[in-house]
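In the two complexes that follow, chain A is the common piece, with chain B as its partner first and chain C second.
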Partner chain A sequence: MEATAEQATPKAVPAPRARPAWAVVALQELRDLWLYGRGLPLALGFSALLSVVTYLAASNQSLNFLEVHEAVNLALQVGVAVGAIITLLTAADAISGERERGTLESLLLTPAPRRDLVVGKLLAALSVWLVLFVITIPYLWFLGRNVGAVADALGAGATVGTLVALSLASLGIIISALTSTNRLSLSISLFVLLALFAPTQFPTGAQSGWFGDFLLRVNPISAALHWMGKVVVDGHSWGHDADWLISPISAGVVLTAIAVLAAPRWMRLRGGSPG
Partner chain B sequence: MANNRVTTAADETVRVDQIRKSYGPVLAVDGLSFTGSAGEVLGLLGPNGAGKTTAIRVLTTILSPDTGGFAIAGVPGTQPTRIRERIGVLPESAGYPDQQTGLEFLTYYGELFGRRRAEARKMGRELLEEIGLGERASSRIGAYSRGMRQRLGIVRALINDPSVVFFDEPTLGLDPAGQRQVLRLIASIAKERGTTVILTTHLLSEVEETCSRVLILNRGKMIAEGTVGEVTRQASAPRRARFRVAPEQRDRAAEMMRVQAGVREVALVGDRSDSLTVTFDRGGAELTETPAELARLVDALADGNIAILAFELEGARLSDAFLAMTGEEV
Partner chain C sequence: MSFPRSLRLALIALLAAALIAPGAVGVASAASTESPPVGIALSRPSTSVGIGDSFSFTSTITNAGSLPVSGLVAHLNVLSFTHGVYVDPEDWSSNRTRYLDPIPPGHSTTVDWTVKAVNGGDFGIYVAALGTPAAGAVPIEPTVSPALVAHVTEQRNVNPQGVVPLALGVPAAVAAAMGALRLRMRRRS
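Moving on, here comes the complex of A and B:
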């Protein structure tokens, strides 16, 4: 039998391509975080906290101190806020941690573009938010299952939480690239976080009037949480209070752009120095 | 970079041309120039703060030189990414992720150098076998000894099959056995792979055995370059002779030798009652294999009826040359 051209030269199976460097870094960081690192203990702690909050919200709901939508909103706000905090702290360790452990120089000596190193680390930090949000889902379902509030809460939480987590993870990367020690990076990150969350703790009087309104709107976290409350508690449509999303979206875009475009240039052996 | 006109000869893997690097007012490297060839082990020596690590960081593209140029494996310093593809580096005090296994660590770096995961894993396994860590491939790095980590760092620098490797103080903190093991590994890398090795270390005696050429840096400047023999001759390092005489004659022998011309110092050897070390004024190229000073000493002792039980003219040591050139002990 005569061999056809196809038989004579078997079709070459294309060799699998090497992964892009950002994917290599992201996958290794994910392994380090979730298999060997503090990802699982943090998730466990988060789950315990949410259990307590849900128990309190459900108790108050039973006693008619809290309306169902308010109970769902409370659990969601805690989930978003704590998830964002943990995401920020994970990102704040990303570069300064490597610097402190003496592993940054070896990374910088690879031909992988520094931007890919940053993007990989940013994605791994965002995985924290993703996992913590998934953990939040059953708690929200438990609190809001009878009134159909879960879908809106999940949609609003995912949107706002992802925006806030992206902003804070980018901020953490920027701070981590600029600081010389891990302790300094974590301290600055915590300080910024406290400053950002402060307006949410203002008394109601301080939140009214044009200045209070301005403070709430300009702060991406308070604005995001306010918008989420309007959707979940007041049942507003997503577009009804969309102007409250201006600062969270702006912060997400600006901080991510700085983290991806500028932070790679600050990724040096010593934070904030030419070396 | 001021000077981009760097040429590279066919067998030349490293060409450094008048590199200068300063940190603010502090000049760390001042006009460093040298070349390196395939299969050569170049020892970069100098006291602390001499500029060795800065020089390596410039050549490995971590820092940019203020002026001057260089080429590694034919790639000019203006193309850092292409240079990083061709070099391997073990930085000074390199850290290791304790939670990763040795194989995972090498696979990760293999992938960062553009290898596919399976290929990087295979290469990682081979390299671990090569350094005797094959059985510990799946152990966490946190459980490795310091020597094992250092060997792991050395093979990490080889994961991309580089043309030039830089080892910055690879024996730091290792015990003598670990130091010898690492230096043997480094020598074999140059010999078997034909790789150019640039090595900084404080172990001068080991450098004498391992390095084909040495460069001595002091305060950012290169003050000597050549083979160990050439450098010791350049330094005019003083040479020494060791005498063994009868214990009861030792003190008289010492007095007689001290008054001879050309003798700088006569010292007792540790707590031995029969040995003396004589240091001559002249050294290096000035002092030939059969120095007249030595003949005069032997004659003087014979005239004084002192029996010489044994004597040995020590070769000029790199450590003496280093001391003579930099004024600092290693």
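Moving on, here comes the complex of A and C:
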């Protein structure tokens, strides 16, 4: 029996399309974070915190101490602020953590470009924000379901929270690339966070002057939270106070650009200032 | 018959005052000698509720005078009979000021109030009505109702608005997801 030409030459099987390096890194980081790492314990702590805040808001709301929109805004602000903090701390561990665990060398020896390593780690850190925001949704729904405040809260929270999380995750990556130890990276990140959140704790009188107003507007976190409050509590349209979003958007663009373009050059076995 | 000069001047001054400001003289005399033309009564003298409960009552504002009363503003107030208990009336009712329509003489108008008891203890709740100066209303001086005594018992609501299933459920769901993943990982390894 003669073999036909078709049988003789095997069919050309298209080679599987290789994943881009950043996707491979992101998947590995996601696996490390959510299957073996601290992602889920952090999510559990976050949900417990939101449960306490929601319980307090519900009891105060039932006694008229807190208006419904204010209760929704409180839960949303806690969700965005804590979500952004956890995202920053996750990102702050990204490179300095590898350096300290002695795994950065093998990572740098892979054929993946360093920029892809940074992008993959950045995406993995942002997944923390995404999961924490999903956890926030049932609490917002519960508090705002009777006054139709849920859609505004979710939209404003997703927009502003993603901007803030992107800025802070990029900042964390930058700090992590520059610092020699993980402890230093986390300390600097925490200090920056405290400095950024301090204006949100100013008394009302201190926020009313031109300088107080300027500080609130320049600080991406206080500006973002202010805008969110205007939308959720005061019922303003999204465009009404759009000028408050200038600093969160600028911070998001600038810090992400620095993290993606400059931080790969700072990924060295030994940390420290870029030479 | 001739009057002394001082008596004549006094009579002229009195006449002028009566012609120029009859309203002012009327208000002053009403305030000083007559009973106020506006009276306020409440539909209940006391109530006993639990903390967080709402209750309603009606105030009846009567114009007992001989002239219509317009520009009256009724205001609800709350105070604690217990020293050291802070009361913010705004927490008890967010709609505490009502602008009333004119009340003809001998008629009355009713205003319904709904109040939520947000503190425990004994409280006095009363309604005051006073006229706006621009309306030339009577009385500018406030008229106050008798107090409604509210005894509010502190009962602990451990499940405000049914929040407990959510507050426990979400962390439980996250913990379950975490446990399931860890178990799966352990079985794989």
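Basically, the second predicted complex is superposed on the first by the 259 of 275 C-alpha atoms of A that agree within 3 Å, B and C clash if a C-alpha of one lies under 4 Å from a C-alpha of the other, contacts with A are read in each partner's own complex, and residues count from 1 in each chain.
Here, a contact is a pair of C-beta atoms (placed from the backbone, for glycine too) under 8 Å apart; a residue touches a chain by one contact, two chains touch by 3 or more.
Small disclaimer: the values here were computed from a predicted structure and weren't measured.
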item: First, second, both or neither for A:A151, with chain B first and chain C second; value: neither
item: Contacts of A:Q28 with chain B and chain C, given as first, second, both or neither; value: first
item: Touched partner set for A:A58, first chain B, second chain C, both or neither; value: second
item: Partner chain(s) touched by A:L108 [first = chain B, second = chain C, both, neither]; value: first
item: Partner chain(s) touched by A:L194 [first = chain B, second = chain C, both, neither]; value: neither
item: Which superposed partner A:A257 touches (first chain B, second chain C, both, neither); value: neither
item: Partner chain in contact with A:S47 - chain B first, chain C second, else both or neither; value: second
item: First (chain B), second (chain C), both or neither touched by A:Y36; value: both
item: Residues of chain A contacting chain B in one complex and chain C in the other; value: 36
item: Complex interface listing, chain C residues touching chain A; value: 51-52, 91-92, 94, 116, 118, 157, 160-161, 163-164, 166-168, 170-171, 174-175, 177-178, 181, 185
item: Touch list for chain A against partner chain C, complex; value: 34-36, 40-41, 43-44, 47-48, 50-52, 54-55, 58-59, 61-65, 135, 138-139, 142
item: Contact footprint of chain A on chain B as seen in their complex; value: 23, 57, 60-63, 81-82, 84-85, 87, 89, 91, 93-97, 99-100, 104, 108-109, 111-118, 156
item: Residues of chain A that touch chain B when the two form their complex; value: 15-19, 21, 24-25, 28, 31-32, 36-37, 101-103, 105-113, 269, 274-275
